[in-house]
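Heads up, the next two complexes both have chain A, just with different partners, chain B and then chain C.
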Partner chain A sequence: MDFTLSDDHETLRDSAHVFLDKEVDLSPLLKPGAMVADADYDGLWKKIVDLGWPGMVVPEAYGGLGLDYVDLIMIVGEMGRTLAPAPLFGTLAGVWTILAAGSEAQKTDLLGAVVGGNLTLALAIADADGSYEAPGCGVTAEAVEGGYRLTGSKSFVVDAASADKIIVAAVVGGERRYFVIDRGAPGLEVELLAWRDITRQVGAVRLDKVPAELLSGDDADVWPFVRDRLYLVLAAESAAGARAALDQAVEYAKQRIAFGRPIGAFQAIKHQLAEIAGQGECADVAVQYAAWALSEGDPRASLAVAMAQGYNSEAYCDATHRNIQVFGAIGFTWEMKNHLYYKRARCNAELLGAPATQREQVIQIVEREAA
Partner chain B sequence: MDFNFPAEDDPRRLEVRRWFEENPSPTYKQIAERGFSAANWPAPWGVAADAETMLIIEEEFARAGVRQPSAFNPIAVNQCGQSLLTWGTEAQRRELLPPALACEHKWCMLFSEPSGGSDVGGLRTQARRVGDHYVINGQKIWNSSADEADIGVLIARTDSSVPKHQGLSQFIIDMKSPGITVRGIEDMTGEEHEYCEVFFEDVCVPADRLLGKEGDGWRITMEQLQTERQSMTKPGAVWGAGPTARELVHGLTRTGKIKEPLVRDEAARLYIEGELLRLLSLRNLSNKINGKPAGIEGNIGKMMASPHGQRMTSLAKRTQGVAGMVKSNDVLPLPDKEYGRFTNWDYAYWFSPATTLGVGTQEILKNTVAERVLGLPRDSDPSARGPFNQAGAPRAAA
Partner chain C sequence: MISFELSEERQIVRSTIAEFGRSVLRPQARRLDTDSRIDDGVLTQLWSTGVIQAQAGAADDEVGARSPVTNAIVLEELGAADATVAVAMASTMGFVQAIADQGSAEQRSKLLAGFTGDRFQGAAVAMMEPRFGFDVSEFATVAAKAGDGYVVRGVKAMTPLASRCSHFLVIAQSDGAADAFIVSRDAAGVTVAEPKGALGLRALEMAEVTFDNVAVPSAMRLGEGNGADIQRIIDSARVGIAAILTGLSRGVMEYVIPYTKERVVHGVPLAQKQIIAFNIADMHIDVEAMRWLNWRAAWELEVRQPATKTAQLAYTYASQQAMRIADDGLQAFGGHGFVKAHPLELWYRNARTLSVLEGVAGV
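This part shows the complex of A and B:
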């Protein structure tokens, strides 16, 4: 029994911390009209590739680092803390889908390319209304000589525009299966959405008879497997982002003088920040427990990640809202980065379904346990 | 990192379990002699159990259906007794600890006063040194179980000529001493009273019952409050004890009320919070095992746990509708378990306003978290500067 981070975990987190503090520059985003590409989205990715992060969750059998999920949240947390604009989310989503749905040959081929830094991915699964429910209705697959052709549309695809390949969930024979398409394939259009969180790149895809390869492995429960891991990613981002929002607000409250005193001396400010600190502690243990449970294949892992995502995304929203309140009106301007955190928090709380959805999952699991 | 609990066949667990098998209905004296009353204390009092072994012992007490000494006699076993290990004399330990750990002497805390609960440092009860004893005059309030206590842990002012926090001292006193009057307080629950007020009129306390030195009182008291708050970082509805959100969801499921959408969402929210509080308390424990500095995280824990408990009792009460406004214990079924004093949601609900008042109000806890964890500027306290009997003296009521 040991609920504390090991020295190795802390070392990993600290090295990611130093790297991202040096490399992430959000200042180009602090002008209205800026887009994620302005913040060196592609350049940062190249440096991340040099560190081997694209392959961190790829098992060693496919050439990856085979890190466990506690290691993963050390890095993803730092990405979240700094709002690092880079296509890591899309690539992680793609890797997990290939792991769950790909054949041996596909895993070797595709995951090997990810590890080598030659392949970025995105996962197109949500329908235009944001639903992740199977089978979905956005895209249908039609079997043709030598493969499939996909037709339809998907939305809310993180890192779609920059991905070399997109994994698309499509309906064939009444079931949801997973297909790989090339970004440059004929009939594929990617439209960048005016996503409020400009530290992420999110797009919609339209497909018209796009040639596709079926991920041929057993595809039962692919989405629950991938979703649980993406919950962990968002929960880790949220925990670390909430901490960043708190730290920045605390720092500001110590410096900003009003009525002859630092505003942090006033209980109206103190009490708000204390509450955020409390929620931050809970968010931390939530994500650590979830990461451990996934790593161990613990039977409560799905419960743990749903709890973490549901709790942490709301805690992050609270923290970033309080952060703007403490900064006062200056925190409401585009030239400050407070809004970047506020928007990331809000978008994280919707991207994979709202916190109420995760709470429903939690209560269903608890009901099943009780039955 | 490993969130698994110590295994069923862990040798430390087997040793404790064997003892309970050999002693199926142990007396508290036997428990104390075995070193399980305050197992984390060094010999001869405890068995120097580390935090993980403490968890095992706690689980095995529950398994054996034996109420823990720390639940029966918390002030002695948890909050205050261990102060004697660091601040007490050998004679004090030999005299006071054996009956305390055997639960033959029940202890109470004598901290709050009518003139100030949150501002403990401004307390007015006087301890005046006269020869080989001190004479105590004043009044304390909100003292749990003072009416059944044999021993009281008293903080009183021994020097009014210094700033308010510096002139305080702690005494371990006999509650049967002449001059002490204890009265129960009828609290708003209308149940058998939990709290008392205690009056001191020329009460003589032998000088060898001073804990530490004169002036150490504030530090010792703060240590005890931190220990108490840490023990409240738990998912139980009242003071971290009593039923948790697991039992709440159990009751809602059994009655079918979990199907109501608004109840369902709130129940899920509370369930998650409860699990996170459980994890938080275990992480604090782990930090102790790993020798990471422990200290004021108990403030965060209690700050989170008390409102969580209030929301739980509130949801339980809400499910009854208007019928819940009639005094009755019949709220939601609870699985058969040891809940201490709070064996039903109705009592827990009407009691729950107390939990953001006692052991540091919610506001004091937030101040402490903001100042000591986040490093924000300290609140100004004009009464803390000069000698207590001048600038710091509270004005007498008109």
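This part shows the complex of A and C:
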């Protein structure tokens, strides 16, 4: 057992830290009525492409960097720490779906384009009621000569508006399968949802006989593979976000004077900060353990990522709630970043199902192991 | 390189101690609590695991022989069987580890040999003090320089198995800082009081030990001229208790699961009620969180990184979660939870006691 991050991991994290501190500018979002459109979503992405991050989880065989999941959380954590608005989540979701479901030719073609910085992706799988359950009912696929046509709607699609191609889960022959459509295809409409986390672009898609290409994988293999990795992404964002909320609150508690003393000297404040610190340490270890388990192909990986996502999203909510409490009224204003973290935390705890969903998975896995 | 895999050796230690806990300790836990005493037979059985002897007898260059991570693994497994016996082990382990890690060559050769034999040999780090407002950053017990040695004055509280210890490692203020002194049970001026009884860990016979102007030669100052790193001893103690709390919590969870699957309420097994199922899911998540946080602290001790912050967080977190888990476990059993037919009420009392063992948790 060794909790040491390698020099490579630390270098990766530190370089992402410096880059994002320099490039992420949340100030356009700190005004009443700001929307995700104000976040320079695509501008930051161009700089991210220059760093090669779109291809970080693409295997070297397809031209990518082939980084492992511990490497991944170094970068994703920094994205979460800074609330960097960019279509990384959607592209990662698309890459993992193609890896799990695509043919060799599809992988070579699509993943190669991602690595080259010429393709952004999104994954449309949740129905309008937020369900990820198979087979789903939102979109059906009809076989036509030369391919398929998709009709229906999906919701909670992260990065749909920025994507060049969207991977859509659709029902064909009673089963859920995965199809690739062009963002500009006729019959496709993308509507941005009034998602409260304005650092992340979330939309609904409506499809009317949209031409589509089938990916060959079965759902039983695909969604658990993708979901586990997206859990890791959210858990890493949440752990780093909770740490940022703590750091900001500690800094403020040392400066703000009340009744002649820094407010951090009062137990009512310092105990809250200690509580976040404890949860933050657990969240860090949880995400590192989950990343390690995925990298090693450890049989505990699915349990580890479900626990990490359930625990970390709640810890993040708690940290950002207490963060605003420590800042008091000023933490409640548009011009402070606190509300952006609070909303990201809240949305991370819902995006792939509430913590109750992960608890159900934990129970199912524990039950299977006990049997 | 980052890795969360236990070595084969540690896996063997874990499974061996787990089996020992299940088959030997667990069946006797109720009797020990009722008798408010750990009998010599149980202590002999505990000693037969060889854990202490291996650490006391290890050569300095023996890699992994004195491993805080392995200790945390051992204490979790003992805690899952009976937290009382686990603390008895941790107490002697803490003493031996402090001597082995920080003692001078002469102290190690003179003292550790006494812990390599076949019979149980108790010893304890005497740290807690019987006063309101006690915290481990300042001790009322003092060791004043007197001639070539020291004179130790003060009272220590909640010392495990105090009447059966051969030595105490007394933490005292000396020359403005905390320091540690090895004091024989038989030294003139050492008095062990009768145990006063406690809510939990009853069999541990925790008692006050009074040091009334006890003369301690300089050779018995831990580390002799170099002194000792008291914070490291405190960090180790916190990691030890957190490991026992992790084990206790896991024991509760493992006891609750089969019961809730069998117990039918309103036509369905309890385990199918979401409030129970989610409680169990939370127990599982929290036990893992406790363990990883504590193993991180143990690992920091092992690689001699600063561990104070992580160890404190691990102890505080484990204390809070263990109380909640013990409470939820008892609740899942309903009326069966607080009768002696099941161990839930015993574990609940033990969790409550462990959580205040170092004073007011979280302060």
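Operating definition for what follows: the second predicted complex is superposed on the first by the 367 of 371 C-alpha atoms of A that agree within 3 Å, B and C clash if a C-alpha of one lies under 4 Å from a C-alpha of the other, contacts with A are read in each partner's own complex, and residues count from 1 in each chain.
Here is the rule we use: a contact is a pair of C-beta atoms (placed from the backbone, for glycine too) under 8 Å apart; a residue touches a chain by one contact, two chains touch by 3 or more.
Keep in mind that what you see is a predicted model, and the values were worked out from it rather than measured.
> Could you check whether chain B and chain C clash or fit when both are placed on chain A?
They clash: once the shared chain is superposed, the two partners overlap in space.
> Based on the superposed arrangement, let me know which partner A:M35 touches: chain B (first), chain C (second), both, or neither?
Touch partners of A:M35: none, neither chain B nor chain C.
> Would you check which partner chain A:A354 touches, where first means chain B only, second means chain C only, and both and neither mean what they say?
After superposing on A, A:A354 lies clear of both chain B and chain C.
> What's your read, chain B or chain C touching more residues of chain A?
Touching more of chain A: B.
> Give one of first, second, both or neither to describe whether A:M336 is in contact with chain B, with chain C, with both, or with none.
neither
> Kindly classify A:L5 by the partners it touches after superposition: chain B alone (first), chain C alone (second), both, or neither?
A:L5 contacts both chain B and chain C.
> Touch check for A:A253: first (chain B), second (chain C), both, or neither?
The answer is first: A:A253 touches chain B but not chain C.
> First (chain B), second (chain C), both or neither: which does A:V172 touch?
neither
> With both complexes overlaid on chain A, does A:L273 touch chain B (first), chain C (second), both or neither?
In the superposition, A:L273 contacts chain B only.
> Looking at A:A185, would you say it contacts chain B, chain C, both, or neither? Reply first, second, both or neither.
In the superposed model, A:A185 contacts neither chain B nor chain C.
> I'd like to check the shared interface: which positions of chain A are touched by both chain B and chain C across the two complexes?
1-6, 9, 70, 267, 271, 274, 277-279, 281-282, 285-286, 288-289, 292-293, 296, 298, 307, 310-311, 356, 359-360, 362-363, 366, 370
> Considering the complex alone, what residue numbers of chain A touch chain B?
Those residues of chain A that touch chain B are 1-6, 9, 70, 246, 250, 253-254, 261-262, 264-265, 267, 269-271, 273-275, 277-279, 281-282, 285-286, 288-289, 292-293, 296, 298, 307, 310-311, 356, 359-360, 362-363, 366-367, 370.
> In their complex, what parts of chain C are in touch with chain A?
1-7, 10, 69, 257, 277-278, 280-282, 284-285, 288-289, 292-293, 295-296, 299-300, 303, 309-310, 313, 316-317, 362-363
> Touching residues of chain A toward chain C in the complex: what are they?
Listed in rising order, the residues of chain A that touch chain C are 1-6, 9, 70, 267, 271, 274, 277-279, 281-282, 285-286, 288-289, 292-293, 296, 298, 307, 310-311, 356, 359-360, 362-363, 366, 370.
> Can you list the chain B residues touching chain A in their complex?
1-6, 52, 55, 249-250, 253, 258, 264-265, 267-269, 271-273, 275-277, 279-280, 282-283, 285-287, 289-290, 292, 297, 300, 303-304, 363, 365-367, 369-371, 373-380
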